[in-house]
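In the two assemblies presented below, chain A is common to both, partnered first by chain B and then by chain C.
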Partner chain A sequence: MNSDAQLKRFVPSPARKPKDSEMTVLRWIRSRCFNSVGNSILTLLVLGLVFYVLDYALNWAVFDAVWHASNRRECMDISPGGACWAGVIDWFNGLMYGRYPIEEQWRVNLGVVLAVAWLLPLSCRSLAHRSLMLVSWIALYPFLGAWLFLGGGFGAETGPFHAILTSLAAGFMAMCYVNWLLAMLKRPSLTDIIYPLVARFVARQTHIFSLLLVWLVFSGVAGGLLSQVALAPVAIERWGGLFLTLIIASFAITMSIPIGVLLALGRRSKLPVIHWLCLLIIELVRAVPLITVLFMAVTLLPIFLPSDMELNKLSQVLCAVCLFAGAYMAENIRGGLQAIPRGQYEAAQTLGLGYWMTMLLIILPQALRLMIPNIMTSFISILKDTTLVSIIGLFDIMLMARNIANDKNWIGLHTEPLAMISILFFVMCYGMSQYSINLEKRLKVDR
Partner chain B sequence: MMKKLMTVMAAGAAVILMQAAGASSAMAQENASTLEQVKQRGYLSCVIGNSFPGFYSLNKDGEWQGMDIDMCRGVAAAVFGDATKVKFMPVQWAQSFTTIKSGEGDMMSKGMTWTLSRDSSQGVDFLETYFYDGQGFMVRKDLGVKSVKDLKGATVCVLTGTSSELNLADYSRTHGLDLKTVVFDDSAVRNTAFFNDNCDALTNDKSGLAAQRSAAPNPADYVVLPETISKEALSFAVKQNDSEWANVVKWTFEAMVAAEEYGITSANVDDMRANSQSPVVRRILGVEGDLNVGLGLSKDWAYNIIKSVGNYGEIYERNVGPNSVLGLEREGTLNALWENGGMMYAKSFR
Partner chain C sequence: MQRSGRADLTSFLNRDSTRGIVIQGVTLALVLALIAYLGSNAAYNLDRLGMMFGFDFLSSTAGFDISWSLIPYDPSMTYWRVFLVGITNTLVLAFNVILFGTIIGTVVGILRLSSNPLVALLARSYVEVVRNVPLLIQIIFWFTAVFSTLPPPRRGYALGDLFFLNNRGFYFPSPHSDVSFLWFAGAIVVFVGAAWLLYRKARATRFHQTGNRKVVRTGWFIWAVALVLACIIGNGFVEWSIPALDGFNLEGGQYVPVAFGAAFVAMTVYRSAAIAESVRAGMESIDRGQHEAARTIGFSRYQMLRLILIPQAIRAIIPPLANSWLVAVKDSSLAVAIGFPELVSVFMQTSINQTGRAIEIISMVMGFYILVSLIISYLLNQYNARVQYKVM
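The block that comes next holds the complex of A and B.
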């Protein structure tokens, strides 16, 4: 018995060290790049090509480039063969903010910071109502942002309804931050603090009522404070540059998911009217190029509308882009829905869940998770598609870049701005794709 | 959550509709003259193009500048006494006429050539010509070409779908030049192709050629040939059948030219208004007479134009003249005053 166990015990022999010759870099290169005559020639060819391209690109973009000059002629005098980055630097503000007045540009920065800051508490996993925070960002932040970017007296130009929503938005954000702070200090949240108080008056759904109460108090204070602030009005025509590109893209991206989900569910619906309506919308929108829809929205709408009614171009474009992104997203999501086994639906029914509950709690979370790579691909293409709005005369980053070539100081300078935009878009799109990979890993899609 | 989301979206749609309805009821005056509408709205809405150096282009602070821009500012000054009360609407070529027809834009000043078909079938009225242009050719100096006639069999870079392309074909056929066209649909690409010697000549309106020449690696290497092969009368346009408004735009321009004829500039206009004894000058500047009444403008309308944007000569110098980016000489061209052999001739201020 004893000797048997000893016999069966596995003793791994120590791993053999690689021979010294196999470890060197040279050996590695030789075994992979120069292991036959054909491969050696290919390696040399590729190296030559890479060297040629890099040499040209680096010389143009870095070594011969001009960084300081007051106009393009000066650039050419200093270095005729190099890039003239001075023009791009000179127009940097224009590329970022379009025609937004310089002294008001801080509002754009603040708006972007607020948009990011709104989502920051999401990183704290112990915080309650985290999904509410995301929904509120989609539903409320646009009002706060619009007030910040448009300016004007609080509620004077955009109407009292807008003012109320702006206060609600500001109040919500303030409440989230206070709760976040309390959570970090390991204290009960504001809702929990006033819960006993509310419970005395309201018996049912006390939690929601106390949350609403806290929110309303915060909103009242926020509204009172905001009404004291007067911002200089900035017309929508002056919005532009990367700022406008981001507004259109983020609006389209956030709206594409709800629109897409509704259209996808509608297309799979058993009710014929809803089914055919959704099918029609999806197929119609997908069959027409975006640029056509944009042109139609801008050239035909003014003819149909009364002559003195002004629908600004931005809202026309936002509608068109959202519908477009939604139709594409619907098909992505439908793909995900089809991948869910029937058993899941049946199991949900067995539990007694209704249609919306089945979808929200069982089906959609799985379907969306499966479709992360496709959804992110759609997001990236939406971001890039927004540059098309330059064709209908919105001063997004593309049109601002083209205007550099017509500025009297930088006349004819069109390669450098485009190069700069390419780099910028690469960084943004690559960032998004890396985030999606990160998300996939975290949610363990490929279980 | 889905229901909440739908409620929020429905609320959003309702708000948009309410605002739209409010906007349309606030200014619902379909048949009022454009002048009345402009006055009521509080700003002039001026249709321009996306960018065209010397005529309308953005500077890095996001301000519009150029000859067309000054013309629109002049009209705003005449109506409001304030040249800043103007909103510029950059539109694509395809939208130009619909924007005017739909009443979205009050006037068009975007380097549009006055042609019969546009005047008669696009629902707009063309008014005064503020710049006489024409299609020309640019070649490399070392070709030694002195005239378009020497370009027999040459290749020419041209934008596709433009009147330049058609004019080029006409000209080549009439003079038996056998020109070969190389077409592009982007002016930046066309210019790069020309500067890289992919074609012998570049054709465009002469003002455009001047801009392209100034963007050349070395402008002195290129010459613009003397021939002008087409008529391009760049003119204002307004909505058809609105004489009251057409008069305002037309006489704004006349005032700019008249001011140059009588030596009124933005610098001396105050002095002229106070001290000039010339009856014409006094009438133009509204010191005597009641020329403003028929136009429906204030007494100092012409004074405001000249004070804020200057006379025609000043506008020309500032935007397209020899010291500007286009560097276009004015002497001896159609854009000179009639006294100097040009076509700029102000109608009588009486």
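The block that comes next holds the complex of A and C.
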């Protein structure tokens, strides 16, 4: 049919550019903030409120604040309406380290630096056994850290088992760093160097044996060196401040994942005994407030444990917090497990993988990745919840901050320390949540 | 081909059902052994420390005072009464937090979606600041920095000579009557219930058959009138006690202590931020097409919200909201840090110190929280079953 050709084709005329006057910032503000009477009033109200709050807060915290004074009265004399940061500065060391002896505080700093440094080799993507580094950080670093923080003769007070694990940790870290250095120099790693030697004696799993051999040699050397070091013992009761808060939070955060995984897998198990046991634990713990779990740990653990076994308060609290965090984490992980399509399980079975292999290699990596936002939210709430340990008398940063008001120089100085730790917590938690959003975006791109 | 007994045994041991039974048996045995072990330790330790086990202490006299309680209490009453006082105080705090937290949270959540960038930013800052600072710090902040620095009663704040705020607490008028409270509650239930039934019936017949909206408005009107009527009639039987300054203190009326005020304000603010996030997430979960479709058929903004958006959003909002309420009940235990006499404070701290019955008391307190959580999750499940999309 030729009528088709005669039909007029619709040709859209090109869109006109907006007038210059329609594109200015002012125009945008007007269209969004002042487009109606109600909205204009709202905008003005908000502006007024923001101005008032900022004006008050800045005057109090910065312009009228006192930074140098020897006691609260002096602060009041200098500026009655301003913040007295001098008290917080005076107590800053206590807020950070609690009553940890000042001359030993380098050990705390070193411990934190080591914890971060442990993970640095992970940035080198060509390094082998990167997952092992992460696992060792959870499983081995705490022993090294505990030795650093507690002090005492090497293995003398904490027992030979702890000494062995500490040397294993130190050896592992040293080995990682040497391997990292070699990788940067584009040389074969230590394991590869001794591989031919080991291969003469061991036919199967040669790689693992070489790794173990290198690690053991390093650990032996590290243990020998460490045994020459004598650190002054520091009682756990002296731990405090941000240091203690971070110990409890990081311990709970790292332990919550394995506990949560086990509980979640148990809850989804087809075996009724396991299913009901895990369900009972998860639901009971989630139904009660953390503070009651803490009270339970402090008052009931001494009753239910053998009379000759004395746990200090910190370990009781750690047990409670780990159980609590684990139960919440279990529900997050269960959500991730449920979101994995059946096909993944079936595919894994088809490949002949058993239950644990299916879970470890196929299901859990996907489930954990899916749940990263929720897991991060849980981490943030664990960090916030650690402040509760102050109620049962552990000198974490919260209790240290409250204690400033009892110092005879700074009687009644409540607001400033609380403001300071609020800002600290805000920075940590907000940073974590922004990081999680960032991570989520990055992982979405990966797929 | 012949199978040896050994192969038979291997295949029997490798069978899923056999493994299942073995694993479960071992787990069960381990759990039972653990319980027995802990139990024997407890028996030994209790014996060694000269403590006893049993709930008989509940009927003995407590002997200590509680600074504030909703139900009558004095030191000559029993530990059971202390338990009840703790529960009511906890529930009063949690109820108020839930009520105001939900209202404020909904408003903030909707403000976060405002087209006005300034308003949205302000709401967002509120949520982020409140959410990222631990609740305990906020409670103590409100207590020490705000409520404890209030002026004494003589120089306190007053609102129309009815409400007073000072460093002892918040005072407000309270009704007193010879008639039992139950009568009032009964009357209100009867009045409002009857009005509601009438309204439902009218709605079911007239509105749903004819689409005449007038009946709905009339229904609301009847309902309001019934409520006002119930209040007016009730007021005739009531004498109001109004707080008034008497010497250095306020006499009359009812009051809540400053610890209640601080805990209430901090928890309400904290909860409202969490609820605002659920509301925002719920509203954002609705497909954009729903907005556009509602506009296309000519709905006004109000109709769009009322008939299209809210009914759908509420399905996504209610589960996290109910969870938030549950958390509010649990979080109310943090008021122990500023000495508000709630359950953990009066029962878990004071009573354990007085009686030493740790096992019994802790299990009672946990039992209470578990019960509350069971009730809330039961109600939530019922609700969820009701509002689920019906698949034809």
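Rule of thumb we're sticking to: the second predicted complex is superposed on the first by the 415 of 447 C-alpha atoms of A that agree within 3 Å, B and C clash if a C-alpha of one lies under 4 Å from a C-alpha of the other, contacts with A are read in each partner's own complex, and residues count from 1 in each chain.
Throughout what follows, a contact is a pair of C-beta atoms (placed from the backbone, for glycine too) under 8 Å apart; a residue touches a chain by one contact, two chains touch by 3 or more.
Quick caveat, the model's predicted, so the values are computed rather than measured.
Visitor: In the superposed model built on chain A, check whether chain B and chain C fit or clash.
Guide: clash
Visitor: Check the residue A:Phe295 against both partner chains and state whether it touches chain B (first), chain C (second), both, or neither.
Guide: Touch status of A:Phe295: both partners.
Visitor: Is A:Thr387 contacted by the first partner chain B, the second partner chain C, both or neither?
Guide: Second partner only.
Visitor: Once chain A of both complexes is superposed, is A:His414 in touch with chain B (first), chain C (second), both, or neither?
Guide: In the superposition, A:His414 contacts both chain B and chain C.
Visitor: Where does A:Ile274 make contact in the superposed view: on chain B (first), on chain C (second), on both, or on neither?
Guide: Second partner only, chain C.
Visitor: Please work out whether A:Leu42 is in contact with chain B alone, chain C alone, both, or neither, and reply first, second, both or neither.
Guide: second
Visitor: In the overlay, answer first, second, both or neither for which of chain B and chain C A:Val50 touches.
Guide: The second partner, chain C, only.
Visitor: For A:Ile303 in the superposed arrangement: first (chain B), second (chain C), both or neither?
Guide: Touch status of A:Ile303: both partners.
Visitor: Determine, under the contact definition given at the top, whether A:Leu399 touches first (chain B), second (chain C), both, or neither.
Guide: First partner only, chain B.
Visitor: When you line up both complexes on chain A, which piece of chain C, out of 75-83, 111-119, 147-155 or 327-335, runs into chain B?
Guide: 147-155
Visitor: Kindly list the residues of chain A that each of chain B and chain C touches, one partner per complex.
Guide: Overlap of chain B and chain C footprints on chain A: residues 295, 299, 302-303, 305-307, 391, 402, 405, 414.
Visitor: Would you tell me which residues of chain B are touching chain A in their complex?
Guide: Touching chain A: residues 1-5, 8-9, 15-16, 18-20, 23-24, 27-30, 37, 41, 50-54, 57-63, 87-92, 94-95, 98-99, 101-104, 188, 191, 211-212, 214-218, 324-325 of chain B.
Visitor: Tell me, which parts of chain C touch chain A in their complex?
Guide: 20, 23-24, 27-28, 31, 38, 41-42, 44-46, 48, 115-119, 122, 128-129, 131-138, 140-141, 144-145, 148, 330-331, 333-334, 336-337, 344, 348-349, 352, 358-359, 362, 365-366, 369-370, 373-374
Visitor: Spell out the residues on chain A that touch chain C in their complex, using ranges where they run on.
Guide: 32-33, 39, 42-43, 46-47, 49-50, 270-274, 277, 284, 286-289, 291-292, 295-296, 299-300, 302-307, 380, 384-385, 387-388, 390-391, 398, 402, 405, 414-415, 418-419, 421-422, 425-426, 429-430, 433
Visitor: For the complex, give me every residue of chain A touching chain B.
Guide: Listed in rising order, the residues of chain A that touch chain B are 72, 76, 80, 90-91, 93-94, 98-102, 131, 135, 139, 159, 161-162, 235, 237-238, 240, 258, 261, 295, 298-299, 302-303, 305-311, 315, 356, 359-360, 391-393, 395, 399-400, 402-403, 405-409, 411-412, 414.
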